[in-house]
Each structure stands twice: as C-alpha cells, then as structure tokens.
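Input: structures, listed below.
Common to both upcoming complexes is chain A, partnered first by chain B, then by chain C.
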Partner chain A sequence: MSEVPSTTVARDDLFGLAAEFTTTPGIYHAAEKTRAAGYTWFDCNVPFPVHGLDRAMGVKMTILPVFVFFGGLTGLILACILQVFTNSLQIDLWALVPVVGYQFEVSGKPLIGPAAFVPVAFEMTVLFSALTAVFGTFFLNKLPMFYHPVLKCPQLARATDDRFYLVIEAKDPKFSLAEVEAFLHTLEPESVIALEK
Partner chain B sequence: MNVADVKNDNIRLSGLAKKAGPVLAVVGIVFLGISVLLSSGAREATVDVDGGDVFWKSYLFAFISALGICMGALFFVLLQHLTRSGWSASVRRLAEGLAKNLSWIWMLFVPILVLVLSGNGSMLYDWADAEYMASAHMPHTKATFLSPVFWSVRAIFFLLAWAVISSIYFRWSTKQDQDGSVNWTHKMQQWAPVCMILFAFTQSYAIIDWVMTLQPKWFSTMFAVYFFAATMTAFFSTIILLARFMQRTGHMQHCITTEHYHDLGKWLFGMGVVFWAYIGFSQYMLIWYANIPVETGWYMARQIGGWAGISILLLVGHFILPFLMLITRWTKRWRCTLPLIAGWLIIMFFVDMYWLVMPVVPETAIENAESYNELANTITANDIGYGFNIVNITCLIGMVSLVLGGTLLNLRKCNLIATSDPRLDEALHFENA
Partner chain C sequence: MTTLPLKDNTGENPSQRAQLILNHTSFGSVTDDILKGNECPKPPRSWYIALAISFSMMSMLGVMIGYLIFTGVGVWGNNNPVAWGYPIVNFVFWVGIGHAGTLISAILFLFRQKWRTAINRFAEAMTIFAVICAGTFPGIHIGRAWLAYWLFPIPNQMDMWPQFRSPLLWDVFAVGTYFTVSLLFWYLGMIPDLATMRDRANSKVKAIAYGIASLGWRGSMRHWHRYERAYLLLAALATPLVLSVHSVVSFDFAVSQLPGWHTTIFPPYFVAGAIFSGFAMVMTLAIPARELWGLKNFITTRHLENMCKVVLLTGSMVGYAYSMEFFIAWYSGEIYESFTFINRAFGPYGWAYWIMVSCNVITPQIFWFKKARTNIVIIFIASLLVNVGMWFERFVIVVTSLANDFLPSSWGMYEPTYVDVLTFLGSFGLFMTFFLLFIRYLPVLAIAELKAIMPEADPHGHGHSYNEMEGETDASAKEMEEGE
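On to the complex of A and B.
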C-alpha cells in the first residue's frame, strides 16, 4: 500500500489525516489511544459495526430517545384534541361563525368516549414517534449530505470492504500536521493518508 | 469474563439460597394448611350464593398465579431455543429451574379435579351445576364441552404435557453441563417448535377451561392471549428478582451482567407492560363497542362497586406507572430500580389474577335493574363477589412459596448457569447497542 505523503495536499485544503488498519483490534485500540491523546474531532470508517467501538471512541449516548418521547407525546396530545374537537365541538368563532363538530351518536356511546379514542391516540403516538425517530436521525447525522471529503479519496473506498480507517480532522483544536502524522504512525497503521477537502 | 472462568464464579447453590429452598417449601405447605383450616372453620360464613366457595376461588386464584410464573418461564426457555438466542444463555438455567416446577404443579390441581369429578364442582364452577345449565339457555355443545369428565381429561392432558416438556428441557440442559456435548443444544432446538405449538394450545385451552368458564355464559377470544401477556409480567418480574437474589446471596457475580438485566427489563417493558395493556385494552374495547349483553356482563362486574377501584389500580399500576418507569434506559440498567419495578409488577400480576378470578357477574341484578345507574347504586359487594378474605392471601403465599422453594430445590443439584452451552461465550460478552 503506497502512502500518500501529507505534503501533497496544501495545508488549507487539508480535511484531515487517515490511518489505515486491517483488523478490528487495530482500529479499536487506535480509537482508544486517539481519545486518550485528547483528540476530539476524529471518526472511524469501518465496513461493519465494530462492537464497543463507540465506547472506545468516547461517543456519548444519543439524545434521540428524548426527541422520540416528546414526539410521541405530541402525537398523543394532538390525537386527543383532534378527536374531542371533531366529535363534540360547539363554539361560535368571533361570536359569528358557528363551529360544530360531527356530533354523531353511535350505538348510544357518549360523544367523548375515551375508549373509542384510544386506538387513534395510540396510532398517532406511534406515527409521531416513528417520524421523529427518522427525521431526528437525519437531523443529528446532518443528512442528507451530498458530499463528504472521505468519499473523495479512492483509497478510502476500501472502508466499505476490508479496511478500517481512523480519520483525525484538521479542525481539531489540537491538530498540527507534523504532530498528528507522527501520532498516527505510533498507532502502527498500514499507511497514513492525507485527505483533501 | 470468559467461559473458562465461569466455574469459579460460585455457580453452585450455597449458603442462604440453599437453605431457603426447603424452608420455603415447608412455609408453602403450612400456609396451604392454614388456608384449609381458616376456611373449614368458617365455611358457613364464607359461602356466598353466587360466588361459590371462597376457599376454592382463593385456591384457584393462587394456583393460576403460581402457574403463570412457571408457564412464562417455560415459554421463555422454548423461545430461546426457537430463536437460537445467545444473550440469554447466562439466565436460561434460572428460567429452566422455574419452569421445572410444572413437573409437580399438577399436585396442586388435584384438589380441584377431585372437586369437579366428585360432583361438587358447583362450589367453584357454575357449569358444574346442572340446574344452572338447564336454565341458562346456552348451546348444547357448551354443556358437552364442559362436562366434568371431558373437562378433567383435558386438564390432565395439559398438566401432563407441561410436566413432560419442562422436565425434558431441564434434563437435557443439565446433561449438557455434564458431558459438554453440543448435541443437546441441537436436540433442544429441534423440539422447540413442536413444544411451542403444544404450549400455545395447552395454555390457551387450560386458561379458558379453568378461568374463563367461571362465567360459563361469557366468552372472549382474546382471553387466552390476555393470560399469556400476564404470564410474561409474572415471569420477567420473577426472573429479575431471582437473578438479583442469586447475586445478593453471592452467586454468579460476573456471569449476570448489567446487559442481561437491561434485556430482561426490555422484555418486561415490552411484553409485561405494553403488550399486556395492548391486549387488555383490545379485549375491553371490542366488548364495549359491540355492547352485547352476554359479553358486557363480565366487564360490568368489574366496573361497578369495589371492583372499579381495582380496575383503575390495574390501569395505573400495571400500565401507566411502569410504562413511565421503564421507558428510559437507566432504570433498566441500574440494579436498584429494576428489581424495585419488578417487585411492584409481580404484585400487580397477583392483583390482575385476583381481578380475573374473583368478580362474579351479577346476573339477576342486571336483569332486574332499569338502568345502569340503578344497577350501580343498588349493587351489593356480595352480588359482584367483592370482599377481601384472609384466605385469599394465605393461599397465595402458600402457592408462591411452594413455587419459589421448588425452584431453589430444582437448582440445588445443578449449575446455576448452562456452563456448556455453545452460546455462553456470546452471552458473557453480550452488549446492548
């Protein structure tokens, strides 16, 4: 594997440096050491989920469940309001426009019959939770993302096949080209690759 | 923790846990004896016209509560083999120990069988009363289906099937501990689908026969599923408490990890709380909506008088509170909160079973009442079978002690963890994503 020397990329165009590994323990321990060295803007590109890698990297627990809970709660409340209003509403809007709900009486059930509202409330809760989960994931992952510097380097395409890459980004406050390059070499990678923005 | 180190992790029952087994068994027998004495001393006073004998109803309530815990365990064991689950290898033996109680639980059912076969079944079941059946205007097929002999033959078949399945799985699993052969796992997996189908049929029919027919006119196609959901609450609460008890008494400190508690907590949340509420509500809503008198009577008895409070207690205590308590990740992982919630839910399971067995449909009161309000105002506690009796609780303590004592006795001669299970390594290193 030929190394791409860091000097081939101009400093301003540098996205970061990638270290290439061939094994999961390799990338796992590299992530641990990178975290211990105090780098914060780094990521791992791996072909399959590596168990415990997020913990080795120090990735914090996602806030998504909280989004989903409140999304579901919103759905629940909306469903209840919707049903109560459409079934039993009777107000005069601005004292002029009468607004009346569909006050159907079905087999002697009360207009506001909580048991009948539960299925709709349940479905709305599920729908809002699911949509919050999907779009929350998009939002937290900054999706859709049409371009990422890692995709530009043909060598890193092997991250979808048989190689593991640890990328330290140039925007890391501790980033200095020489130091990071030296540090990555201490992790004993196959090669160190400079990534262009 | 590696598979090789498991042997050093105190996986044989010792100390307090070993002594507790026989003690609990004796306590169980003593409490059942006390129940008999209490109710025979005051038999005249405890008999009410509609509700059958208080002792027999308490006995049935306690029996299905104890049964529910073991049936949930049997389902869990079969399911782990059916799905070839790896994570559960560290707690499966505890479940096998719980399920193994099904090999002797038929003894507790014998008194009910004798009652029904001796012609006194009407003390518990209205359908055993020929006069009632003659005046009840029910299809003839129902009377045939509920003839004491046919009913008893079915009960024997169910109890036998459970005894065989649970004993076989316990034996195969413990044999694997001794010879370490992977063939036992293959064997258990091969038989899991057959046993699971048998389990589903027998449990469904058993609960229809033993509990749903307490009101012979009433029927619900969801009743068996409702009981199944309740057994999930019972079993997952119990196994969480049992695993915690084992660890507190010095066993398996490293074999059972936070990850396993987390997964058991997820099961408890998903099946024991949410699925239970889903099924319970579905059954209620369909009957409420259709509003057919023969079906609504069952819920009528449970929403007037004292039972209304118990129904609301179940809604809040069995669903809303545990739902909110178990929804976050940390309550399932922290070793203080999860056993606490499990302890609360097992009590709610007993309340649920009580709510299932005890109420009586006030048929004559419903017929005579002009309106719902009149019925609700004139109903007496006796009409709907509402009234706490000390025998309710002594029977329950007796049966549950027997089951817990039996579990500890089952686990006395084997490892507390399936040491030779090929998936044990996976279980020990299992992590929730």
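On to the complex of A and C.
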C-alpha cells in the first residue's frame, strides 16, 4: 500500500519522507540502518520510548542533568539567603539606609540557626531542581510546538497509538527524493508517506 | 476484551515473571481498552450518581467554610488546651493519603517495579487531590483565613516575615514543594497520553483542549530521550521529598515539648503511617474504578496483591511504632510520658485508641494469607478499615496529648461540633469530585508506560518483561497465546 510520494507533494513544500513500521524491531533496525547510511536529519515518532532506540539513532546524551544540578544549587542558595535575610539581617546600606530583617528572639536562640534552616533549604533545592527538570525538558524539546508537519499529516496520527514512524527530513544534506524513497523501501516499511511542510 | 476470562497471574514461579497486562498482545488494543471509559459517549450511570453525591458534599464543604469565616472559629469544637482539633487531624490525615502516589511513581520507579505503571497515574492524581484537601485545613484553621498569605515570605509594608525557625513554616515549604513536584510529575507523565487522546479525539473541542494540554507532543524519539531523563531525575528528586514531607509534618509535633509528641520515633513512624494509609486509599479507589472502567486487564489481582503486601509491611511498622512508644514511655521513667500513654489507652479517649489499634495493627495481619490478598471483598473492607484507623491515629495523637498534658488544672476535653464533622465529610466530597472528573476526562492509566512494559515492546524480541531466560521465550510466548 505504499504511495508514490513524489506525486503527492510539491518539492518545495516537502518536509520529508516517513516510513511506517508496525513493530519495535522494525523501527529499531530501520533507525540503525538510517544512521549507518549517513543521514543526520531524521527522527523516529513512536508511541512509547522504545528501549535503546535513542542509542541506535545516535542521539547524544542530553545536557538536562547539568541544568538540573544548577537549578538545585540556585534553590539551595536562594533558600539560605531568604532565611538569613528575613530572620536576622541588619546592615546599613551606604551607611544611611538601615535594612533590618524580622528579628524575633525565641528563648534566647540564635537568629541564624543552621539546623533550623535545613528543612526549608532542602525543600527549595528539590523544588528548583524539579522545576528545572520539567521546564528544561520543554525548553530543550522546543515544546509547546503546536504546528509541526508530523502533526499535520493525518496518516501519522497513529504515532501516539500503535505505529512507529521514521522520518527523514528534506533538509538533510544527503536528501534526494528518489534516493531516500528507494532507501526507505529497502527498510521494508508498511508504507512510505510524504510529509508536507 | 473484558469478556475474556482473566488469567490468574498471582502464581509464584521464580523462573517466570508474572504477566502484568492480561489479554492484550497489540499496542492498539491497549489504547482502546484504557481509553474506552473516556471515549464512550456516556459514562455509566453510577458515575453520575457518584458525581452528584460528591458534588453535594463538596458544596457542603464550601458552605461550612463560608459559615466558619463569617462567624469565627468558635463554630468548631476547638478549645483552649485542644487548639488543633479536627482541622489538624484532617490535615495530617489527608497529607498521609497523599503519600502513596509519589511513593508509587518515584520510589517504585527507581526500584524498577514494573507493576507500578498500572497504578501510578491515578495514585498520583489521588496524591494531588489529597494534598489540595490537606492544604484547605491549615488555611482555614489559622482563624483569619483572609490572612493566609502571611504563611509565605512575601515582602510587605509591615516589615514582617515568617519565622523560619518554626516547624509550622517548614510545613508550608514541605507541603508546597510536595504539591508542586507531584503536579509536575503527574503532568509530565500525562503529556504523551494526552497526545494520544488528542489524536483520537472525535470532536474539535476535544482535539483543541487535549492539543493544548499535550503541548504538541509528537512522540519524537529525540524528545523521549530527554523526557525519560527528566522522568528519572524527577523520580530521584521525589524520593527524598516524599520521605521528607511527612517527617516535616511530624516535626510539628516532635519539636514541641508535649508528652506523647516529643519523641524521635515520629519522623519514620509518620512516614510509614503515611505510606500505609496512602496505599489503603489507592486500593479503596482502585477496586471500584477497575470494576466500573473495565480496567481488570491492567490492574490485575497481582497488582492488588502487591499492594496488600505493602500495606502489611507498613501496617506492621506502624504497629511496631505503637508498641515502641509505649516501651520508651515506660523505660524513660518520665511520669508525664508514662501517664500520657496509659491515658491514651485507658483514659477518656481509650475508645479511639482501640479503634486505631484494631484497624491499623490487627486488620492488615490478614494479608499474611494469600487467600485474603487475592479476595477483592476482603481487600476492599480491609482497606476501608485502614483508612478509618489511620484517621483515628491522628485523632489520638493530636487530641489526647493536648487534652491531658502536664497540669491537671489546664486539662480540658475536646468534642467536635457538627461543623467539624461536616467539614471533614465535605473534604471527601472535594476529593471524590476531582477524582471522578479525572477518570472521565484524563487518561486514567499511563498508556505509553504500559505499552513499554509489554513483551512486544522489546526491540530485540527477547520479551524480557515476562521472561528472564532467553531460551524460554518460545515456550512462554506459546503459553501466552494459550492464555488468550
């Protein structure tokens, strides 16, 4: 049931070609071969993370953990500053403006009590790390992105259900319609679909 | 699909992994089966009835809070020695319920417990709704509810800041962080499934709503790569968080000097109790939900059995903590401490203490028997009893210690008013309304994650999920086919 992509979409409007697979070994081996054939601008659209597919595609380890580390560090430092500032600060800005925190004596306890500051410092570290992890993922994945050729094509709607698609984009330096089409057919897909920009 | 006989997957054969998804061998049928409760034009009548009851109870909560704010805290039974009363009992109860969700999604994820995927989504939803209920109570307990923002460090013209050396403020941060992180975890996990619902939507409104909620997720493997990393990081962050939250709640008690509260056992004991009550609530909700929504192929008897084991373990830990408290009270030689515990068991609130012991310590012991762990009726009744027992545990801790402390001249009995009781019941309405709306409009199970644990998901065709030894793949595949 493979279509002839070259007749369906004009060359200028072509985003890329998609090959459809029904099994995980199918998409896995297809990704390996696509990478080996030297394509770089390709992606797999799959309903769930297929184990090891990212490595087969040659996806580099994400920088996200580094972001999260610095997010957590920011939370920790902010929490320490917040607690010390609000509970014990006493400085004179430019020797004129007194800046005083809310100094509240409780049973003669020190205003800066490191032990008492631990729970809030811990919670703020976790909070900032988690926010960085989630919004960092969105940022690196360029989400939200409400328009995308893959989303536009109704034939690819099953990428979130039970089908696996390998898309080679037209901006790949090695892209040539006839060659890529022939190459995708060698991967034994269910069908090959042309994607409009 | 549900008409097929359900295979018994509770057998203990160490050479073979238990099957976690029954009667499904294709990814498409998993999607159809999970989403049929969301996609059917009309939910079952029982859903409407449950929603009507829950919504009425939620409205009652609103009325009671309104009455409280307009009249003052005098409408409650709180009095001078027992200033905490019902609101704080309910707060601790609901926060405890909220612990199972993140435990299942984070700790069981790190331990690679694959059975968690069937229950994590709605346990997380339950966590969020429970924390909303929990947050309501301190908010109205402060007396002047319109000044609740004083809990947060917001710069103000009075030059006044919260007191960071107080455990009550630690609580604000702990519960606030817990709520935010649980919400993020829940939402992040839901994005791929919302995209599935978007692509299957049969109306424009649904397509747009799910489309916006799923942020344009298109299942790109490059996205999945970062997504999986983020999920792992969140799990690693939420694990210490979930342990810290109820520890911090227990500091509210342990950092004070009241007999019966001022003990070092409180943090671990509270955390165990929280997990105990949370799992009981997951079972209380899962059993009707799997009947009503036809999810028995995913939340199998084995899942319930595993949860029973967790309840047995944590229930025994709680029982150990009860007896250890008594032992230490005697061993310390402190007359106030000893008196408090004897007073708890045999004093005016002895009835509450014995309800607590029989529900929390004795009831879960039935789960030593496999027959009980696989019998839905017994599980359901036991989980309800555990919920009751855990509420009474908080009642016993809060009320007995405050009512009878050091000087008999400052003692005072506590009795809740009808406003207390109706507010508490109303919080169940709030909880259930959210939950019922959730199971109708959001993906109730983690669809993408469930597909990933199917043996068909393995790109190398070994079927590791169900079978460790590669040589036996064919045999087990044949057996699975027979099971269909």
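Just so it is clear, the second predicted complex is superposed on the first by the 194 of 197 C-alpha atoms of A that agree within 3 Å, B and C clash if a C-alpha of one lies under 4 Å from a C-alpha of the other, contacts with A are read in each partner's own complex, and residues count from 1 in each chain.
As a convention for this text, a contact is a pair of C-beta atoms (placed from the backbone, for glycine too) under 8 Å apart; a residue touches a chain by one contact, two chains touch by 3 or more.
On a predicted model such as this, the values are computed, not experimentally measured, just so you know.
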Point to revise | Three-chain arrangement built on chain A, chain B and chain C clash or fit | key: clash
Practice item. Report for A:L53: first if it touches chain B alone, second if chain C alone, otherwise both or neither. Key: second
Exercise for review: Considering only touches as defined above, state whether A:Q90 meets chain B (first), chain C (second), both or neither.
Suggested key: neither
Check your understanding: Does the superposition put A:P65 against chain B (first), chain C (second), both, or neither?
Key -> both
Review point. With the two structures laid over each other on chain A, which partner does A:G108 touch: chain B (first), chain C (second), both, or neither?
Key: first
Review point. If you stack the two complexes on chain A, which partner ends up touching A:T186: first (chain B), second (chain C), both, or neither?
Key: neither
Review point. Between chain B and chain C, which makes contact with more of the residues in chain A?
Key: C
Review point. Touching A:P119, do we find chain B (first), chain C (second), both, or neither?
Key: both
Exercise for review: Report for A:S176: first if it touches chain B alone, second if chain C alone, otherwise both or neither.
Suggested key: neither
Revision key, fill the gap. Clash check vs chain C: of 241-249, 349-357, 385-393 or 421-429 in chain B, the offending stretch is 421-429
Study note, to complete from the structure: In chain A, both chain B and chain C touch residues 49, 51-52, 65, 109, 116, 119
Exercise for review: Sort out for me which residues of chain A touch chain C in the complex.
Suggested key: 23-25, 27-28, 31, 43-54, 56-57, 59, 62, 64-65, 68, 82-83, 86-87, 100-102, 104, 106, 109, 113, 116-117, 119-120, 122-124, 126-127, 129-131, 133-134, 136-138, 140-141, 143-148, 150-151, 157-162
Study note, to complete from the structure: In the complex, chain A touches chain B at residues 49, 51-52, 61, 65, 69, 107-109, 115-116, 118-119
**Study point:** Residue numbers on chain B that touch chain A, as the complex places them
**Key:** 281, 284-285, 288-289, 291, 327-329, 431, 433
Exercise for review: Within their complex, state which residues of chain C touch chain A.
Suggested key: 26-28, 31, 153, 159-165, 167, 169-170, 173-174, 176-177, 180-181, 184-185, 187-188, 192, 195-196, 198-200, 211-212, 215-230, 233-234, 237-238, 240-241, 244, 248, 251, 448-449, 451-452, 456-461
